[in-house]
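Two complexes, one shared chain (chain A), two partners (chain B, chain C).
Showing the complex of A and B:
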């Protein structure tokens, strides 16, 4: 650190990156998958596939009417109804409701109750679909990437926030270290050991640099008032709630009048919103239904703006009259919403979403190659020791093992999560928890095995296992459901997400398989080249 | 393998504490000042100041590791915190 700026920045880059890289791999993989969390959830509920097969022929107003009719029978006394109407990324009608909280009900109990208060309608027939299996689907991966698991969400968010801050520091210091950032992007020297890893790290980092910088900063912004509370403290004192209500102006919650009044027909309200926006609302929230103070809130579907806060229109539920349109936010609040919106990318259409997904994969590769590079570099310091038959230091062994457990082990965990979704009995109690446990049991086993034997053979074993499990998912889907690739590829547009899921996991499996094959060929080549090197290689492996 | 001297290790540890802990305190004070200084509505000021805080924190951390010695890093972080903290105290918004 006594040397120049570039050297000290290289030091900061190395250590701030290495310290958190394994957690970042989890965050990156989970976050990348979250771009398709609706599609993943849909894939994980095969009971819904049949209903989505036929293209919906009902209008948004008709589907809302269907849902309201069903809700009137199921939950006329609820304090709020939530409708998700068929839309580009959602072929079905989803409805859920909350009941007035009973006295003495804990938060957990209320949440558990809410999970059972929902139904799905087939927009073709207006009838309820088969109840889907109990799974958290893509929501689990989404929550995992900032709440972690097996701990309170607050702890998880602080840990992920610290990792994100380290990442931000690593990115900026990495850029300063680079004198030839553009040249390096076009430089790739394959099969040159450390240099190739360096080039691969540079390429994946520089290629998607704007994305990495954006996703890290915007990630911190999503929870910024928690991470940095001092501006709130000086302007609002202890009244954090006041700040939240000013920064996130929501429609005011109206208390029920406790006076029965029939709910007005929802179709005209929906059509009014549709005329104003040029597209039908995708989400409708009805508070205090069948009360004189009923409110109907229409939300515009995402896709027209960066901001994650979509405009709403609020109607009086009893009379059907338009009450207000939310006022446009100030520039600063709009900027924050746009920054937040960039992170969650609700605005992205199919192609842009795919690009975000690929950038997320590049981020994963950047973290992975960076972690590997540290091991390769550090090992060179032991070259002489190894030649004499010695062992590498504790640090190198630990990092090697953690690398295997995270880079090769995490894909296994993701694959096992999807396998568990298909193989666990549908009637199993607390099934969604069992799926999550399967994820962590698989990851834990991979990480422990890697610590016991951090060798090249272990790399190959885990990469191959991940490849087989991921690439096997389409086959698993064929054996356990009626909506396999042979059906989904030729079915209606509603089944496209299922087909795309199968194809993407197949491709990712092939990618892992290629990595395993490449490692094996490398080992063979070394064996053929020089017996002396073999001895060294085996020692390397044994080390 | 070159072994690192304890002096070097101590320097790194001192800088790490100055960057992570000292940097956070300095950033918290600086963002609070920015929030007060911005001639905007409360909601806008708190949003902009909090948005900027992560940029400030990053710069402080990098400076702590870039400057010539751990001692300088500590003096810099403490002096800046004391100065900005003093101004913040004078504004009378600390409760």
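Showing the complex of A and C:
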């Protein structure tokens, strides 16, 4: 190696970062939003807001009884029922079920059928709420951040996985190449061009380094069976399903006895779990209901441990007797569950969730400033050419355009997704797909416009548009629903997520607006400076 | 309360460390001035102590599972605050550093209860 370690690491850092940074922006923004995926979904289903307004006064056992009664009428022959009971982040009772698959049904058809097999109950009245509009809500953003869209999930996961690997390389090489990591620890020097961008990149990266390292590494671990298939292939060959049921024994299913037996009362089972844990289960899964082999699985709510696999208690559905408390997982599985759990942060309470969200935003800023820094640095090589009125090279132009399309364009796409949710007609066919299409049409348009004119004016235009769209969401909410900020701020705790959503998008819009204003001021200053320089030059020439 | 005092401790800890750095010291006390070795050692020790206490406060608040995660988040937030303050209002960092002391007392009483 001719050059020193630092120089070669700087090269690795630049290229591993630059090649994937636009995709990483999408992954980071989508992932950061996903910390609030339930809240986003709830915001996107305004039909449910009314039911959530009144504070729930029924006990978990009563909620479960209500849901089971309704399921007995709706789907007595289902092979599994799923109940989500009201708790901190969920004011309503959600129930869904799967039917025994009919012969010749494709996977897609089964999935489409499952999407219709659900209902929501108002825990106050025990009645069904108005059917919510067809939307995938936060789930779309969550899936987008590792499955991408318009392609098979496998392809998406490979692409995101490669990008994440590059990110991990960029983080480690970045730490090695950062000469003054401790001396510049608290340094931010504004208004100094490249230096300021580098400081901002360092401050967002170094000061949240534990988060960035954790989120990238744990992200790769969540899909480890896909990225590193060799060990399990050697051990299990083609029988990968056997591996999964051995590693994750929870997935084990009891076959129905084909002998009818009434389902025991669910309330005592729920109370037994509540006594054992000190808190009521948040999720109940009933397999083979109304069969002699019925099983009732209670899941403890998240919040006490890092793991994403919560302890369960399994009851015999016909007799109501406790069969087993899930055995403690093996060390390896516990480690994986903790790593996975750290990534999805189900355990996080309000404060910790907000910290994760802020760190996610910092990650987005880190990728964005890194991408901008490359353009700023490269541009200097063209300083003389530009001064003579020449043009920058193709690479700089391309990166500039991609930067505009991703950094300014993606917020537009997110905002348009939320606007589409409110403005598309409720009865539209395949409505949830139309919302997703709106996201990509907006993003595509922003990216194409940026390629045509990658100028500072385009930066300002797209940033301003993003700001107006995001900050306009609370207003849009006022015009299209009854649960605007004026109501939600003074309403019950169930409406808090709606209020928080409106406030957060308003703040993010303000942030983009500030960036656009700042760019405008800079442009004005430069315009003021240039005539002065020209005047000075002519004076010199005259002299 | 414990989390809040943990955050104040992390802020004070970082502020104490930041104040001893040449660049930031010169920003406050005038160009070319350097912190003398004894003050530097004292402030740095206090800074590390603040960070350690903030870790203990986070563990006390959220336990061994979630406490460390909370601590990392609080550290990032505190470090960003110190960075921005050192740039825009460096004197305020010097004047606000004392909040670590009541925070330390509060955290200790809460933990010993």
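Here, the second predicted complex is superposed on the first by the 528 of 543 C-alpha atoms of A that agree within 3 Å, B and C clash if a C-alpha of one lies under 4 Å from a C-alpha of the other, contacts with A are read in each partner's own complex, and residues count from 1 in each chain.
In this text, contacts are C-beta pairs under 8 Å (C-beta built on N, C-alpha and C of every residue); 3 or more make two chains touch, one makes a residue touch a chain.
Nothing here was measured: the structure is a model prediction, and the numbers come from that model.
In this overlay on chain A, chain B fits alongside chain C without clashing.
In the superposed pair of complexes, A:220 makes contact with chain B only, with no contact to chain C.
In the superposed model, A:119 lies in contact with neither chain B nor chain C.
By the document's definition of touching, of the two partners only chain C reaches A:342; chain B does not. Between the C-alpha centres of chain B and chain C, as viewed from that of chain A, the superposed structures give an angle of 80°, to the nearest 10. In the superposition on chain A, contact is made by A:169 with chain B only, not with chain C.
Touched residues of chain A, counted separately for chain B and chain C, are more numerous for B. Using the contact criterion defined above for the overlaid structures, shared-chain residue A:517 touches neither chain B nor chain C, since it reaches no partner. With chain A fitted onto itself, chain B and chain C come no nearer than 20 Å, counting C-alpha atoms only. By the touch criterion given at the top, residues 1-2, 5, 8-9, 11-12, 165, 168-169, 172-173, 176, 217, 220-221, 224-225, 227-228, 230-237, 243, 246-247, 330-333, 335-336, 339, 381-382, 385, 393 of chain A touch chain B in their complex. Of all the residues in chain B, the ones that touch chain A in their complex are 1, 11-12, 15, 27-29, 31-32, 34-36, 40-51, 53-54, 57-58, 61-62, 65-66, 68, 88, 93-95. Considering their complex, residues 3, 14, 17-18, 21, 23-24, 62-63, 65-66, 69-70, 72-77, 79-80, 82-84, 86-87 of chain C touch chain A. Note for the complex: chain A touches chain C at residues 183, 185-190, 203, 207-208, 210-211, 214, 304-306, 342, 347-348, 351-352, 355-356, 358-359, 362.
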